[in-house]
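Letters are used for the chains, namely A, B, C and D, taken in the order the chains are written, and counting of residues starts over at 1 for each.
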Amino acid sequence: MKLEGEYLFNGPREEVWNIVRDPDVLATCIPGTQTLKQVNENEYEGAIGVRIGPVNAAFTGKLTVSDEIPPESCTLTAEGKGAAGFARGVGHVVLEEQGSDKTLLKYTGELIIGGKLMSVGQRLIDSVGKSMINKGFETLDKTLATRLAAKS
Amino acid sequence: MSDLINVKVTVNGMAYEREVEPRMLLVDFIRHELGLTGTHVGCEHGVCGTCTILFDGSPVRSCLLFAVQAVGHEIRTIEGLGTIDHLHPVQEAFREAHGAQCGFCTPGMIMSVLPFLEENQDPTEQEIREAIDGNLCRCTGYQHIIQAVELASDKLAEQRQSVKEGR
Amino acid sequence: METKYFGKRIQRNEDPRILTGQALFVDDVELPDMLHATFLRSDYPHARINSIDISAALARPGVIAVYTAKDMGDYWKPGPLLVPAPTAIPGVVFNKRTQVPMAREEIRHQGEPIAVVIAKSRYIAEDALADIVADLEPLDPVVDVEKALEPGSPLVYNDLGTNLASHVQQENGNYAAAAAQADVVIKAHIVIDRGIAGAMENRGLVVQWDPKSQHLTVWATTQAPIALRNGLSGILGLSESQVRVIAPFVGGGFGPKIMVFQPEEVVLTWASMKLGLPIKYIEDRQENFLAMTQERNQIHDAEIALTKDGKILGVKDVFVQDTGAFNSYALTVPLNTQTHTTGPYKVPNYYSEFRVAFTDRILVTPVRGAGRPYGVFVMERLMDLAAKKLGLDPTEIRRRNYLQPEEFPYRTGIIGQDFAKNILDSGNYPATLDKALEMIEYEQFIKEEQPKLRAQGKHVGIGVVTFTEGTGVGPYEGGRVTVEASGKVSVATGVGTQGQGHYTSFAQVVAEQLGVPVEDVRVVTGDTDQFHWGAGTFASRGATVAGNAIHAAASLVRAKILKLASKTLQVPEEDLVLENSEIHSATHPTTCIPLGELAVKANPSRGAVEPGAEPGLEATAYYGPPYGATAGGTVAMIVEVDTELMRVEIKRYVIAHDCGTVINPLIVDGQIHGGVSLGVGNSFFEKLVYDENGQLMNGTFMDYLIPRATDMPYIEIGHLSTPSPLNPLGIKGVGEAGAIPTPAAFAQAVENALADYNLEVREIPLSPNRLFELLEESKTS
Amino acid sequence: MKPASFEYYAPTNVDEALARLAELGYGVKVLAGGQSLVPSMNFRLAQPPALLDLNNVQELFYIRPTSDGGVAIGTMTRDSQVEHDALIKEKFPIIAAAMHFMAHPQIRNRGTFGGAIAHADPTAQLPAVVLALNGRMRIRSQQGERWVAAEEFFVGPFTSVLEPEELLVEVELPPTPAHSGWSYRQMERQAGAQALVGVAVMVSLDEAGKCRSARIAFLSVGETAVLARQAAQMLTGQKPTAELIHAAAETAANVDIEPGGDIHCSVEYRRHLAEVLARQALTEAFERAGR
């Protein structure tokens, strides 16, 4: 499944970069509970509980950050698996400055979903996926606002 | 594992009492705890209808209820109708019209038909199709089932008539 | 022939048990101390197994055992080939790869088992699945059947060096020469997708090893109990007499339940012997989508060569067939396609070639229709394209090409699933067309009704398709008929029953011979302790092959009855009448003896018998046809298409069917109805959708639809009877009839309804979404 | 396909239920009819540690007229009861019409009205119908009670504004104005199967025969049930001519919604269906309003 989209953040690129590059913050985007720990400079491992309506799926997995060009772009690779199936996603993220206080995040990627999530939940993946991505960005934007507010 | 819960329930007019885990599906309870294996399991996601039973008189999927939810309720299953020697009129009609092939969907089908024929005593073909639409059958193409329901409706009408005439 | 029971619409003997919930299905078997099994199945279609850690699962309370392939030691080996490769076909390529009990080093399809959990309840067993830690390394999957055969494709079997499982070429006449002389040659690219059998009862198994008697009992939802018994005893190193397989009431078969030595059967019989306790395994619906064998996925490039007046000169069909990760069932499906393509037509030159590819998907085995519908679909689509091109009425072009009744037996020259050159034994195809057209009022529809409705803006169309159904193939079946002291009769045969009414139709055959009521004939099918020779229920052969064997046995018993009664009553055999469970003299009806009493006389408990005498009124007989009997028919269907919403409704459905002599018309009608419903499912819905990574995307009844009552048209059946000259009863099979022509007729009717759009349906199923795409394409082209 | 273990609580009144929710929060899942929840538990996609079964809470089973002429539906009222209720049929025939498409009678005999709303399935009929009817939800917790309009209630797929300690106790439907018309239309692959697209329409006319109000709510076209606001705006204050209805349907399908695709229905087909269904439903609703 191809992923593509963009989101306009209300903050300067450096700040947006810091947020995107912070897995602890990234983890808050996923509805549910998360524990992520850093295993080396660019790799994080942990458990994620995704909660969507009645569905609560526990995954263990890892997140890798590569091809970093701060504060412009990076590649995020996430892998998780659990009893409900597995997901593997690779996303390339580009941050573009839009004036001094806005940043456009563009992403392209590929998502593979397998197991029960797919065989049972296929028809919901599109709407749930879109919703998760949008809500995730909103959460990031809120965190950004909090950080910016704290700084000023 | 969570604690066992006492389940007292009436099935086909008989009182039963068992201790079960809350997660036990009602259909498993009926089949394996009570030994009433006429109710079948086909999909366990509420789509096929083979596990249809009457719950306080209404047809429901027994794969989508927990046994603990049946406490104090009345259940009717296929075993609560006629016997091999004395079939219920709906069962008779299914036999005469060849409404069953492999017989796996049949008990659920009959449990859907039963209350339907009480509400609708002279159904059209389309009404029958809609009434059994929640029960999948892979053998019959439904045609003989529909004819069986039509026949059952006639049989029940005769029965009502003879009751009325005090025969 | 005047008959009392044979050929009559008789109520079924098995129904009282079924209708009261007393019929025993496999999941109804309860044994003391019975354990429950479930399997951990791979989410990946192709992966390497690095390690499997079962320790946490074993530690869970209530879990008795957890096994992986490694635990099975030498017992782990690929299963036998169930159907031999068709070596009779010159030049056939067949690379054998059969199913394994559980994946050991490499996983080759999603749903392949990698571990089994045996626990005190199914609930606990499923809990333990989440405890197993499997380190699986995903490999590139082979998903697309065409790409599988391209160079550079990932391989399902590295050691094979190719994904080519088979290659078969057959030719009758010379197609190339015929095409060179043709006035028109029409080509079509046709796609047939994958579907499930979808019996309402999933697979099930109860295995019980009794260490004291050293005896294994297996209750299985199988269509082939004897094959399963023989195979399991071989695999387990037991004598066949130590193994009893019982196929009790089986909730629908439709093909995949013929597939034996599936992983579950092999693993659990082994586990039961190891543990000394009975084990139950009931496949759930999710597993049924991921692990039960499936059918189809063929891609055809076909062409037809004709004269300008519509006479067929030749047909060429080149197709690829997906066999999935294994080919245990050899080539039955593509061979059926190959033999049924030319169907009821005289095709002097026919070239057919197929390549079978391994993919990382579930094994393909026959499903009701078993390859036949796709041959028919290809041919009928070609005929429709030809009719359009030549400006002929679709029924007219068919009429010009039918085999005529006097041309039988007709040799097609193509080798089929029974490895013999195909012979059509008998038939009358023009009569089935006439009957179907009369029933659907064809002339009236196309001349009056359709123009009228079209003028109202309605898109209505008609499709008419003739088909053949090769049925009742060998090798053989047998039956034993015994008159009991009660005067009742018991019959045993080796085939299994999954709803076809064998308990009744076989009883009718016997009742007719022995003059007893049908309900006094108790038929046992599918119990290897009752009868232990036979092949199984498949290819619409139960009634034809086992029915004739039972008929033969009943005839032998009748002869014994007559002989003994003649002696006992002192009446010549010619004067004896068997009726109402007694034997009496026709001229002096009071001179009589009840059948039960005669049976007692035939089994004396003291004294001497004549040399060579056999006890009892019993006989066993076998029947094996020289080749299969070919049934046939014509379907006519009227549809209406809502071109806004893309809803298609079947307004009328007519089938004129010829399956020779009919034992029980009620049951035959039911078989046709059921076949039609699968055909309707295949026309509208039934397609397993995989993404490019080999992940199944519609593994539930919410997404994979099968027909419901409101999807089905009222089916009007017209019966014709051209008895088969091959067997004494003149029977032909009927099990797959409805499934075979329906998709082809549907495609033709939809095209006809959408004549304004000039669109071509070259695939099944035709979902609303796909119809929308086709209509959009036709608007832009 | 057997569910994982859970603790089971079966309160007999709302206060008891709210106390349990306050205590367990995300650790408990409310079980209403269970016709969506139990399948996901059988698939083990849902494994709630505890279930709070409302089936014994008698005070949540009711359909009653409200003082303003509307109707209040207790959250546990069975779908089939709503479907066949005389008051509902009289005041909100659209509900019975839409319910006909909801799975099958056996499911509706157990499924509940409030359960379907709280489940917030973007492909379900009732959220869209309640949105078209401008319903509002009564939500209770131990902290008290709040009311949320349908437009604010659904926030994402299977996600509503309900906090873990809150319970949806009632759905209230305001009366429809005079000269109202309704229509429910959908396309599905098979009766009882998920709608590829569905639309619930409520319109009303003024004395001059102009559109006073229009609410067009889609299902299966996005993350929640969606109101086609621009299309409604185009109609409001105008005479609902065939041309205007056409244009509004086109706007609804191409501007108001942002549908996704799945294996059963591409984005293009969804938009096409949305337009056709909106046109048919608007036409029918205005016809009914004019009668």
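What we mean here is this: contacts are C-beta pairs under 8 Å (C-beta built on N, C-alpha and C of every residue); 3 or more make two chains touch, one makes a residue touch a chain.
Since we're looking at a predicted model, the values are computed, not measured.
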Chain pair bearing the highest count of C-beta contacts: B-C
Of all other chains, the one whose Cα centre sits farthest from chain D: C
Euclidean distance of C-alpha centroids - chain A vs chain B, Å: 49
Separation of chain B from chain C, taking each centre as the mean of its C-alpha atoms, in whole Å: 29
Averaged-CA centre spacing for the pair chain D and chain B, given as whole angstrom: 30
Shared-contact residues (touching 2 or more other chains) in chain D: 1-5, 43-44, 191-192, 194, 263-264
Multi-chain contact sites of chain C, meaning residues that touch two or more partners: 123, 130, 284-286, 689, 697-698, 700, 702-703, 707-708, 710
Chain B, residues touching no fewer than two other chains: 1, 21, 23, 44-45, 130, 133-134
Pairwise chain contacts under the document criterion: A-C, A-D, B-C, B-D, C-D
Touch list for chain C against partner chain D, complex: 122-123, 126-127, 130, 284-286, 644-647, 684-685, 689, 697-698, 702-703, 705, 707-708, 710-711, 767-769, 772-773, 776
Chain C-touching residues of chain A, taken from the complex the two chains share: 1, 81, 83, 85-86, 112-116, 118-120, 122-123
Parts of chain B lying in touch with chain D, wherever the complex brings them together: 1-2, 5, 21-23, 25, 28, 44-46, 49, 52, 55, 58-61, 63-66, 68-69, 112, 130-131, 133-134
Residues of chain D touching chain A in the complex: 26, 29, 36-37, 40-41, 43-48, 119-123, 156-159, 194, 222-223, 260-264
Chain A - residues contacting chain D, complex: 31, 51-57, 83-84, 116-117, 120-128, 130-131, 135
